[in-house]
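Below you'll find a set of structures to go through.
Paired with subunit B in one complex and with subunit C in the other, subunit A is shared by the two complexes that follow.
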Partner chain A sequence: MLRLSFTQKSGLLILALLLAYALGAPLLQSGDATTQNLSQILTAPNADYWMGTDHFGRNMWLRLAEALQLSLMMAALCVLTSALIGVTAGVLAATRAPWFDRLMDGVVTMILALPGLVLVLIFAAIVPGSFWMLYVAISLIQWIEYFRISRAITQRLTQSPAVQSSQLMGFGEWYIFRRHYWPAIAPQLFTIAAFGAANAILMMASLGFVYVGIQPPLAELGLMIVEHFSYYSDAPWLLAQPLIALALVVLACQLMGRGKSL
Partner chain B sequence: MRQLLLKRLLQLIAVSWGVGTLTFILMRSLPGDMAYRIAASRYGMDAVDNRAAELVRQELGLDQGALAAYWQWFTDLLSWNLGNSLVSGTPVSESLWHMLGHSLLLAGAGMLIALLIAIPLGLASAYWGGWLDRTLLTVSTAMRAVPVFVIGLLAVILFALEWNLLPVAGFGTPAHLVLPALTLALSLAAISNRVIHTEAQRVFGSSFYEFARLKGLSPWQAFQHHGIRNIAVPVVAFLGIQLITVIEGVVMIESLFSWPGIGHGLAHAIFARDIPVIQGAALMMGMMFVVLNTLVDIACHYLDPRGGRIA
Partner chain C sequence: MSLIHIENLSIYAGMIELLAPISLTVEKGERLTILGQTGSGKSLLAQAIMGNLPRSLHSQGQVSLFGRMVDNAERQAFWGTQISMLPQEPWNSLDPLMGAKQQLEQTYRMVAGESPAEARQQAAYTLALQGLQDSGHKRVDQLSGGMAQRVAIACAMAGGAQVLLADEPTKGLDVSRRDQVVQQLLSQSEQGALITITHDVAVARQIGGRMMVIKSGELVEQGQANDILTAPKHPFTQALIEADPKNWNEAEGDTRHGEALISAQDLTIGRGDTALSKHLNFTLHQGEVVGVVGDSGCGKSTLGDTLLGVHNAMGGQVKRHSKAPRHQWQKLYQDPTAAVSPAVSLRTLLNDMVALHKIDRSRIAPLMQQLGLAEDLLERNSEGVSGGELQRFCMLRALLLNPVFLFADEPTSRLDPITQREVSQLLVDVAKQNGCAVMLVSHDPDLIEKRCDRVIRLSA
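Let's look at the complex of A and B:
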C-alpha cells in the first residue's frame, strides 16, 4: 500500500479537482469550445459565461476544460507508454545478452545527447500540430528515465541469493520478474511518473507557445497563453486563466512526486 | 583527464552524426511537397504556382534521391559546409555562427546572474535557516511549477508593460539583454539555490567543519578553507545536469523575446521548413551541449583532483 505524505496528498487533491473540472465542466454548461460569438468578445466572467469569453467570443469555461483534458491525456499517455517501454527494456537489458545491454546503452547516449525540447521540436516539425507526433516524441525522451532505474535495480538483484535460488528452483522468468524485480522497481516508478507527467505537460505547452505544437482552433494551454497575451491590457483575466491552470497542473504533479525527504 | 577528453570527443562525433542523420531522415519524411513549401515561404502564399515550385525544385536539387542527398549532405558536413538556407539563400554555417554568439551571450549572462542570486540565498538559508529557508522553499517550488516562458511573460508584463522600464523584445542595446537573461537566471536559480542549500547544510553540519570551528577558526576562515570547495564540487556537478534547463530555456526565451539566437532560429526554421537551418541548428545545439558538459567535467576535475566523481 502506498503511504502518502501530506505534500503528496495535497498534490493529489489539486490534481483530482482539476480532473473533476476538466471532465465535469462540459456537463454544467452547454455549448462547445470552438463556437465563436463575435458580438461578445472579451467579456468578463458573468452569469452566462462563468469564465468570460476570449477574443473570438468563445466560452472560456469550456475551452479551459478542453485544454486541461488535452494536457492531462498527453501526460497520462506519455507516462504509461514510457513506463511500459522503459521498464521492459531495463529488465531485459539487465538479464539478457550483453550485446543487447550495449545496444540500449548506445541508443540512450544518443538520445540524451540532445536536449529533450530540441528533439521534440524536430519531431514536431514533421507533422505540425499533431497530438500523436508530440506523444511519440515526448515518450521517446521519457522512457530513458524508467529504463535507467529499472536496469540498475535489476542488475543489482540478479546476483542476489533470492533471485539465484529462485532460478535454481526452476521458476520461470515471468515469476522471477513478478516476485523479485517488480516489487523493487515499483516504488521508484511513482516519483518518476509524477515528474514525467509534469514535464510532458510543460513540454506540450512550450511547443504550443512557440507555435509548433497543437494548432488552433484546438484549445491548448501554451497556445492559449500566446493568443491571449495580445489582449493583456483589455482582459488580464483571460491571460491569467491558462497561466494559473498550467501552473496548478504542474505543481500538483510535482507535489505528488515529492518523497517524504523533502 | 586525457581519457575523459577523448571520451567526450568521441561523444561529440557520435552526436553530430546521430543528430544529422536523425534530422535528415525526419526531414525527408516530411509530408507535402518541399518545393511548394519553400516557394511559399519565399514568395508568399499567393504567388506560388506550379512553375515557381518547379523552379525552386531545380535550383535546389530537390528531385534527387534520398541516398544521394544524404551522401551529398554528409560529405558537405565533413568540410563544415552546411549548405545554404532554403529561404534566404545565405550559407547556414555563417548565420549559425552569428546566432551562436547571441545564444552564448544570453546563456552566459543568465548563468552568471543565476549564480549571483542562488549562491548567497542558498548559503544564507543553510546558515540561518528558519523563515528565510521556508520562504525560499515556497518561492522555489512555485517557480519550478511554471514553465520558463511564463516567468518571461510575467517579467515582460511587470517591467516592460506596467513600469515601462525595459524594452519588451528585440536586441541591440544592453537593456535588451536584461529581461531575457533575468528570466533564464530566475528559472535556473529556482533549482540551484536548493541544491546549494542542501550541500551547504551537509558541510556545515559535518564533523570536519565542526572541528575546524573548535580548533579556533573564525566562521569566515572555516568557510574559506573547509566550506567553499566542499560545497562547490557537487554544485558544479549539478550545473552539468542543469545545462539541459539552460538550453531548453534558451530556446523558449529567445522565441519569447525575439532574441536572434539559435533557439529562435530553430523555431523559425521549423515554421518555414528551412531544412538546412533546422539541421544546422539542431547540430549546433547538440554540440554546444557536449562542449558545455566537457567544461563542467573539467571544472569538477580541478575542484576535486581526487577524481572518481567524473563519470
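Let's look at the complex of A and C:
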C-alpha cells in the first residue's frame, strides 16, 4: 500500500536493526540488566561484556537493549493512542454539530497554550517514575496534531460532491469514513506518526535526564546519559552508547517521516 | 519557423497504445482544431505537447517547440509565457483558497511580470470583460461551474503565451458565453497559435482553421475545417456531424405523465446570503423530463441541491408527494471527477452499492452496454478513466438505484455528439419506462428542446 522512497527505506532499516537488537540481545548473552558486579566496574568492551560495564558493573549490552525496548514501546504506544484519539476526534469535530467542533477547538487551544514538555513534567511530577503516567502525558499532547490534520482534511471533504453523492446513495457514516475520509487522511498520518514517535522518545529521555522520568535502577536512555555523565573522561564509550542509541532511533524516525520528493 | 512541430508522437500506458503515432505542424497565426470522441486520447495529445503527461503514461516521438527540440524539463520553462494550457477541470486548476481576482492578479504579476498596480488594473479589466466584476472576491467553491471556467480562461491567457492549448474550453458554458469564449480564443490566436480540443462540432465550425478528427486514438481525417464540416469523407466524421443535437429527432409526443412527485412553492434558492433565483413555482410528475436553462451562475445546480434536500431553501417550500426512500432521489454531477472517490477501483465502488441496496447483479451488464462502458474500465479507479467515461459510470450507479427523481446536471457535457445522443436518449427512456422524473440541466438549447417535455427558465 505504501510506496517508500529510498530515504524512508533506510530509516526503516535502521529501525529494524535497533528493534532486532533490543529484542534479540538478551538471547545472546545471559544475565540481566540490573545485576551489579562491583568488582568489574567501568570495564571496556571485551569478550564477556561486549559493550563493557557501567559504574555498578552492570552489563551494558543488556542494559542498552532494555532501555531501547522501553523507548520503542513508549513510542509505539503513544503513536497508536494519539493517532486513534486524534483521528476519531478530528473526524467527529468536522462532521458533528458545530458546538462539538467549538468545544474540541477550545480544549485543543488550552493544551496548546502550555509548552508540551511542561505539561508532561506536571504529569510526571504527580506520579514520579511511572511509565504509564508518562504515556498518558505524552499521548495527551500528541493527539492534537492528528486531530488538526484530520479535522482540516475532513472539513474540506464533507462539502465535496463525492461525499454528497455517497450520502444520496444511502451509504452510512462508517462507509463515508472508510471510502472518503480515511483514504485522504491516511497518507498524512505516516509522516506525523514518524515524527511523533521521535518526539515521544526524546520527551521520555529528556524527563529521564532531569530525573523525573523513569527511576533507577530501570534502564532508560535519558537516565543513562545523566548517570554516565560523570564518567566521561574515564569511560567515554559508556556515555557514547546511550547517546548514539538515542540519536539512531530519532534519526530512523525522522528518515521515515520524509515524504517522497516529487 | 513553425511554433509547434510534432513527429510520430504516440502515447502508451505500459504496453497499450492509447494514441497512434501522429504528426502535426502549427505555424504562427494558425488555428488547429482537434475533434474527436470521448476517451479518444485528445486530451493526452495536449498533455504530451505540454509535457505534463501523468507519470503512468509515456510518450514516444519528437516534439519541437519554437523550432527547437525540447525535452519535458525544458518545456516547463515555456509554461505560462510561451505556451499555455487551459485544462479540462477549472475547479482543479484554480487555487481553492484564493479569490478569483487575486489569482488573476498574481498571474499578471508573477507570470507576465507586470507591476502590482498594472496587474490589479489588468485583473479588474479582464474580470469585467468576462462579466465577473461582482465575483472577483469569490473562491472557487463559491463560483458556479461556468464562472470558474471563465476565471481559468482568464488566468491561462494572462501570461501572454504565444501558443494556447485549450482542452474543451467551452464545456458547460451556455451559448452566449460559448461564443464569447470562442471570440477570445480567436483573438488570442492572432498573436500566436491556437490548438483547440473539442467534441463540440459547433465550436469547431466557429474556430475554423485546420482540423484533425481522431477516433479511438487514430487520426481518421484532416484538412481545412470548412471542407471537412461541409463534406466529411470518413464515415466517423459524418456520424459525428450528424449527431449534433440540432439534427436529433424530436422527443416523441408521449406527454402522458403520472402522479405529481415533487413541487416547489414560491421557492427562493441561493448560496450563502445571495439569492440566485426567486419565486419558483412548478410541479414535477412521474415520467416527465424537464429541462432547466439559464445563464451560467443563475443557480441551476443550486436548484437541484435544494430539491434533493441537501441545500436549504432561502424561502418558500419544497414538497415531496412520494414516500420513496432517500436513495431513489439521485443526482448526476456536473464534474464527475469530483464526485467519485479515487481511493478504490470503480468495481469496488459499484460492488459497495450493489451490496448495500441488494441490487440484482444481472442488470449491470446490459446497462453498461447501453451506456457504452467497457467491462475492464471497472478495474481502474476514477483517475484512470476519462471524464466522459466517469460521467457514464455515475449514470450507471444512479440508474441501478431505480430513481424516482433524477437531477442531471450537465450529464452529457463531456460526451461527443454520438455518445451524447445515445446517453441522453437512455435517460429519457428510463424516465418514461420507470416513471422517473428527470430534471435535465444543459447549456445546449438544442439538446433541451429535443429531449425535454417542458422547460424551466431561471433568471438571476
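Convention: the second predicted complex is superposed on the first by the 261 of 262 C-alpha atoms of A that agree within 3 Å, B and C clash if a C-alpha of one lies under 4 Å from a C-alpha of the other, contacts with A are read in each partner's own complex, and residues count from 1 in each chain.
The rule is short, and it goes like this: a contact is a pair of C-beta atoms (placed from the backbone, for glycine too) under 8 Å apart; a residue touches a chain by one contact, two chains touch by 3 or more.
Predicted, not measured: the structure shown is a model, and the values here were computed from it.
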Quiz item: subunit B versus subunit C on the shared subunit A, clash or fit?
Solution: fit
Self-check item: Which superposed partner A:Pro183 touches (first subunit B, second subunit C, both, neither)
Solution: second
Practice problem: Return first, second, both or neither, reflecting whether A:Thr191 touches subunit B, subunit C, both chains, or no partner chain. | Solution: neither
Quiz item: Where does A:Phe171 make contact in the superposed view: on subunit B (first), on subunit C (second), on both, or on neither?
Solution: second
Exercise. Considering only touches as defined above, state whether A:Gln159 meets subunit B (first), subunit C (second), both or neither.
Key: second
Quiz item: So, does A:Tyr232 touch the first partner subunit B, the second partner subunit C, both, or neither?
Solution: first
Quiz item: Of all C-alpha distances between subunit B and subunit C after superposition, which is the least, in Å?
Solution: 6
Practice problem: Would you mind listing the overlap between the subunit B footprint and the subunit C footprint on subunit A? | Solution: none
Quiz item: What does subunit A use to touch subunit B in their complex?
Solution: 109-110, 113-118, 121-128, 198, 202, 205-206, 209-212, 222, 225, 229, 232-233, 239, 243, 246-248, 250-251, 254
Quiz prompt | Parts of subunit A lying in touch with subunit C, wherever the complex brings them together | solution = 159-162, 164-171, 175, 179-180, 183-184
Self-check item: Residues of subunit B defined as touching subunit A within the complex
Solution: 11, 14-15, 18-19, 22-23, 26-27, 29-31, 141-142, 144-147, 149-150, 153, 157, 161, 244, 247-248, 251-252, 255-256, 266-267, 270-271, 273, 278, 282, 285-286, 289-290
Exercise. Provide the residue numbers of subunit C that touch subunit A in the complex, in ascending order.
Key: 141, 308, 310, 325-327, 329-331, 333, 335, 338-344, 349, 352-353, 356-357, 394, 397, 401
